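Below you'll find a set of structures to go through.
Note that chain A is present in both complexes that follow, paired respectively with chain B and with chain C.
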Partner chain A sequence: MGSKKYPHADYQKEPISRREFIKQGVAVAAMSAAAGYLMLAPENYPLSLRDVTGLRSQPKEKPFQLPDFRVPKEAGVFDIGIGRNGSVGVKLRKALDAIGGITRYIKPGDVVLIKPNVAFDRPPMLGATTNPEIIEELIRLLLVEGRAREVRVADNPIESPVDCFAKSGIRLATERAGGKVYLPDSNAFEILYTPGATLIEQWPFFKRPFQNVNKVIGVAPVKDHNLCYASMGIKNWYGLLGGRRNQFHQNIHEIVSDLSIMIKPTLTILDGTRILMKNGPTGGDPSDVKPADVIMAGVDPVAMDAWAFENLLERKEKLPEYLYKAEQKGSGKIDFRGRIKEVV
Partner chain B sequence: MNQDRVFNAKRRKLLRKHIPLSENVVTVGLFGILIGVGLWVFAQRHHYDPKERTLSPEQLLQSSHPEKLYTPPLKPWVEPGMDIKPATADLGIFPEAILDQDWQVASRLKQFNPDNLFEKIDGEAEKFIRQGFKALYYIVLKSKDDGSELSIELFDQGSATGSIGIFSDHWSDDKEIQQNGPVTFFKTSNGAIGRKGRYFFRIAGDRESEKIRKKSEQVAGAFSQLKEPEENVSEEFQILSQGLEIPSSLITFQSKNVFQFDFLKDFWFGQFNSNDPARAFVHRAGSPEEAKKLLEEILNEQSFDYEKVEETEWGVILQHNYLKNYFVISQQGSFIFGIENLADKNQIQPIMEKFARGFQHGQ
Partner chain C sequence: MSLSRPITLQEKTRKFLRLTQVRVFSQVVFFGLFLFSVWATWTSRLEGYPVSRLLEMDPLVAVSTALSTGYIYRYLGWALGIIVLTFLFGRVFCNWICPFGTLHQFVNYLFNIQPNSKRIEQNRYHPAQYFKYAILVVFLIMAALGALQIGLLDPIVMMYRGFATFVSSAWNMLISAITPLFVRVGIEASWSDTLKFSPGAAHRIFVGSFWIGLWFLLFVALNLWKPRFFCRFVCPLGAFLGVLSRYSLFRINRDVTKCTDCNLCLTRCEGAADPQSMVRKSECFSCMNCIDDCPEDALQFTMIGLDRKQVVEAPDISRRRLVFAGITGLLAFPLLRNNGTATDENFSPHMIRPPGSVAEPEFLKKCIKCDQCINVCPTNVLQPATLKEGGFETLWTPVMNFNIGHCQLNCTLCSEVCPTGAIRKITVAEKLGKGEYTHKGPIVLGTAFINTTRCLPWANQIPCVVCEEVCPVSPKAIQTIDEEVKDVFGKMVVLNKPFIVPDLCIGCGICQHECPVQDDPAVYVTAIGESRSRSRRLLLHFRSSTSK
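This part shows the complex of A and B:
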């Protein structure tokens, strides 16, 4: 200790040989040239890293695909249930019981997403949005009977999301029943890949509330629509699109049929308690709203929309074109005969 | 105990010949944790489960501490000698008469144009744009008394033709029309819908109550104060209102599917009496030749339901096969005009004479 041995022989530098010096010099020059090439070579040259516009280094979003949320079919179970008479809760239960009951579709521990139609800043009496009573009853049913771990409610409204969820009564109904509302923001959207879709093969989608969700239920009002004649179960999914979705109104039937393949929900529920018969989709006059006594639940949204168009909107003319297109795309069958069970 | 120095005099290399196992393990562990955190952050980005992150407003309130950021002065400063009125809400085009002690503005005025109307009424915007839409002004009033709200949509349709067209889409026979000065409207159970000149309005409360209905009626009346530039009312409207002396509240405009025929567009109708289904109609075609061709097409289509009774100097008279009412149609220059749903054949001549006078007014 204390001896002055340093530098130890192991650490003493040895003189560099000329050969070694040249080798190292060449290596440094080659590396500098390579770095210079990568940095300065025009963008179309091989291996060039030059990025004058910044576009090359922009993060490339990888589209995702939605899983199939449906449950396997069971022999002897009807595709569509219709509940009539009684309170909203009773009608809902009747409709669900007709297709095997809520426990056939929801298992304990499931995380369920409900997609109501909250498109407009309108009170529920105008029939432009889903009846909040149905949402409240459905959430209770999912949490108590279905023993779902969590129930989320989400939509991307046309007007201010906060105002729409407040005025439609959906927020209050959700929170009262024990669910949670998810409002959209700009980071909540990701590109969804929908194979076979004509207009939205790759399109921004309200993804965040779908994280860890394994069951999805659409709850839509039945209402007149200025462009596609009727907005029902399939059109409801339009509310999950982001981006400049209004441009699709030029080709409304194609986009609605695309929506039918964009998502395969566990269940579709049609709110036939208040039907906006004219001046849809926004309405404005309660006398345009026909009070009715029907709630539908089912697994074939095409057949459900066809039945609701004829029987709830009372349109005897040809069905909207998007239903034929949706059938062609394999989303369901228009012919509902023999597939409906009605519980009065 | 001897301790090796870590660095040599040139601060180049470790001099330790032995590094204990525990130190190696801790190093690897820390390195592993760092890599793990990095991978987790990379994998999560914004794919996180919202349930794990979102805090309810109640939780946020519980953990927050109120902090007064701004203390307003006790009273507003008034420059000596200046009489400054307190600031009022920006009402834009809306007349001040829509406000009173109880009802005050609850949200700032919003304005939409044809490029962004879909942000307010997506799916319905095209209907308004097709009929000359220029702007939508939207405001919400709130009652201090019971918190009820009234949403007011005021559409500038560019001309009376546009506002009458949209109003006709909303109106049906079972809704009683009311006239308050230049404002035509009908009441709904939670508001009112109407028009004044080029403006069309929808007033909707958040509940159905007598208070909401009264306020809606008052707001509709207040719209008589809406300022609008002088405009030339369309000739068809003048023919019906001045020539046939039909009140403007009973005049409607149908932009498509007239008489349920796809090829007929832009017809004006005037109902002689609100209890009588008989209506006069008038349409202006692009040219006399076009009007003649259209007349022939209408007669051809109507021949499936009507029987031709006679052809007079006043026009062609048809009678419905089952309802037995009369449909009269005629042409003068570029105009096609006539009567539908008329029960009494004797009324045809006086009405058609009035039409002739109407064309004099219109010209």
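This part shows the complex of A and C:
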């Protein structure tokens, strides 16, 4: 028995038909050819996966550019309006009316982004963040008189975003007036290309809230700042950047002047209701704050910062260097004489 | 089952309203509450929800902290509810409430598919089930000596810690990994905004999350070897409730006249409690599965007409083993403490505790490592300690890592959620030393120092002072020496060289977090000067009246 009895009883011979053989052969050949093409075809061929230098597989950043959000100038309209006396709403309206009214800048159906300064987890009374009343009044004005379709409020604070927006009162003010808060998260940033910027030509930018936005308004408090003397309207745009912002202090004046060309806002509003006179930009004690009665609105952030530095922070020394640099870069003119209309 | 016999009303209703169905409902509700409390443990969602309540009603937490401190903190009295429930119905907590138990049961249900004969063998009582009582004894003796370690194995703590530092951050990471894929095909990302969905913020990181996750997953995976391995062999809370349940009024009772010894009651016995012979009260989870599975209707969960012979009341642990466990507990205490990190003799500069923490020896009597504080922290500064800061004893307790975040000035959330008072409930006024706390001064976590060999203005002639800018106290605890120098390239630069005013520094660490010399920051906070301990202070007196 045994050795002669081959094949084994359990062994079943299954012959392959010619048709089957050809089908399998073609399928195997086609798959090998496809795999071979993907692996071996030169890089510029369509669908080729080849990466000879190792550079093709490196992540590519596709920087985007921001449009110009300004509206065309009109003869006879002042560049800067200052509102004094009355409630926050009244002052804001006075300042805006002095430069042609909100409807000159906002058209029905616009999507407006407001950038307040919400850098720190502080109550509004400490003057480190934008006064939430201004945000609330401004959003109402934009939605009711400007007939804006949507108003968004966004900032990338230094401390926990949720807390900063909550404790500065900005979230409540925004939601009460019908706006929408955008908080930063890791996927919300993309590389912004700013032609002409010296140090931040390409830098991560808080892009998500900018989807479909056609008007941008910066609303900044006026604050003391040890390193760059003062943080006002231009420095406020720092809050739209991500990445390693803590390197900026190595050449802060160049950075701030870069910020002035990074974004060309429709309007800048300076919150002169609580001036942080010392211990800035964080403050921390009510005695650091001087109550004041001014709201500025305008289209020349350089001139506005210069005026606020001299008149609100009451500094008699030389203007911050970044204002001269910003002027050189064409963001505005420091000389504010004759361009301001004050409504008392 | 013969059809000739008329179906009784009892049989009819049992089909629709069985105890096991009520049990599953209870498990779903409590697991849901657990998930909600993890999700709500976050600055924008807290709104006064009692997110730590499951921990606060854990009797092992109450009993062991009572042993270590002599008191019952804040809401820990809620444990009475579970204790009373156990006296009435036995270890119902384990199979009706405990989210970790529910997780184990669910994993078995999904992945441990066996023929009935195999399941019956798996669910027989195993003598090694005594082991959990030994663990309990070790932990309680250590607690009585002042080293609270129950958190290593307490199931509620395991769940909170595992979800806070492993599951939720894994979830965050997966969402933010998937989102760009949607964006690529043109779907707006806001619906998958990590801030909206995940129980936490985007990109939170947790030091040692790997080991916490592994410890958690290990016990989940062991279900595939022995069903409910953790609950039967390890769980110290189950052991504690097992001791109580010998006095319970209700229990499973087997009617020996009906029983045919078919062993089918073992098919789904969760506790391996021998319902087929003398039911072990201390092992039974009151899951009621055996009642469902008995074809003869011989089993009942009742307090009336109990068969006194068919029961084992006490846990199955011999006196010798109890003594051995006791000695182990006695030795474990010095084993943990000998390195001196818990006392003031050899404390680590990195052992920086959250604001409101009590002095270190007291802290170690109270902290159960549930990591609720770490979950609620809005800046991610709170991290589970590794072996580096305080050795094994402080493993997974909260420490502040200022390279990751900083302690936000107006925030006291960690003290809000702490179930045991290791971080005592404080107000913002108390933290900042304002109002009625002016005379006590602010709570100080540590003190900042400048490493002048790495600081850009000090060492490299490059302007910087981010640290001074972000310092939140007024007047600032970081001041500068301003100098105009010609740098190496011949350019005149103004250098603001920072120095620390320790009288004013509260150790919040924002300077360290914002320092551009990121990997080994040029300004860094260490534990010295912390106000919670007299012997860890730095200054003899404060030089200014406006400081603390």
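Throughout what follows, the second predicted complex is superposed on the first by the 286 of 344 C-alpha atoms of A that agree within 3 Å, B and C clash if a C-alpha of one lies under 4 Å from a C-alpha of the other, contacts with A are read in each partner's own complex, and residues count from 1 in each chain.
In the analysis below, a contact is a pair of C-beta atoms (placed from the backbone, for glycine too) under 8 Å apart; a residue touches a chain by one contact, two chains touch by 3 or more.
What you see is a predicted model; the values in this text were computed from it and never measured.
Partners chain B and chain C, brought together by superposition on chain A, clash. By the document's definition of touching, of the two partners only chain B reaches A:Asn212; chain C does not. In the superposed model, A:Asn226 lies in contact with both chain B and chain C. In the superposition on chain A, contact of A:Val144 is made with neither chain B nor chain C. Judged by the touch definition given at the top, the superposed model places A:Met39 against neither chain B nor chain C.
After overlaying the two complexes on the shared chain, residue contacts for A:Ile22 are found with neither chain B nor chain C. In the superposition on chain A, A:Met125 contacts chain B only, with no contact to chain C. In the superposition on chain A, A:Val162 makes contact with chain C only, not with chain B.
Of the two partner chains placed around the shared chain by superposition, neither chain B nor chain C is touched by A:Met31.
Within the superposed three-chain model, A:Asn246 lies in touch with chain B and with chain C [touch as defined at top].
Of 58-66, 148-156 or 274-282, the segment of chain C whose C-alpha atoms clash with chain B in the superposed model is 58-66.
Common to the chain B and chain C interfaces on chain A are residues 120-123, 158-159, 167, 187-188, 208, 211, 225-227, 246, 249, 279, 281-282, 284-285, 287. By the touch criterion given at the top, residues 120-123, 158-160, 162-163, 166-167, 183, 185-188, 208, 211, 225-227, 244, 246-247, 249-252, 279, 281-285, 287-288 of chain A touch chain C in their complex. Chain contact summary for the complex, chain B toward chain A: residues 2, 8-10, 12-13, 15, 46-51, 54, 118-127, 149, 151, 153, 169-170, 174-175, 188-191, 193, 202, 204-208. Every residue of chain C that touches chain A in the complex is listed here, in rising order: 42-44, 176, 179-180, 183, 188-190, 193-195, 201-203, 378-379, 406, 408-411, 456, 462-466, 468-476, 480, 496, 510, 514-516, 518.
Chain A meets chain B in the complex at residues 1, 6-8, 11, 119-123, 125-126, 150, 158-159, 167, 180, 182, 187-188, 208-209, 211-212, 225-227, 231, 246, 249, 279-282, 284-287.
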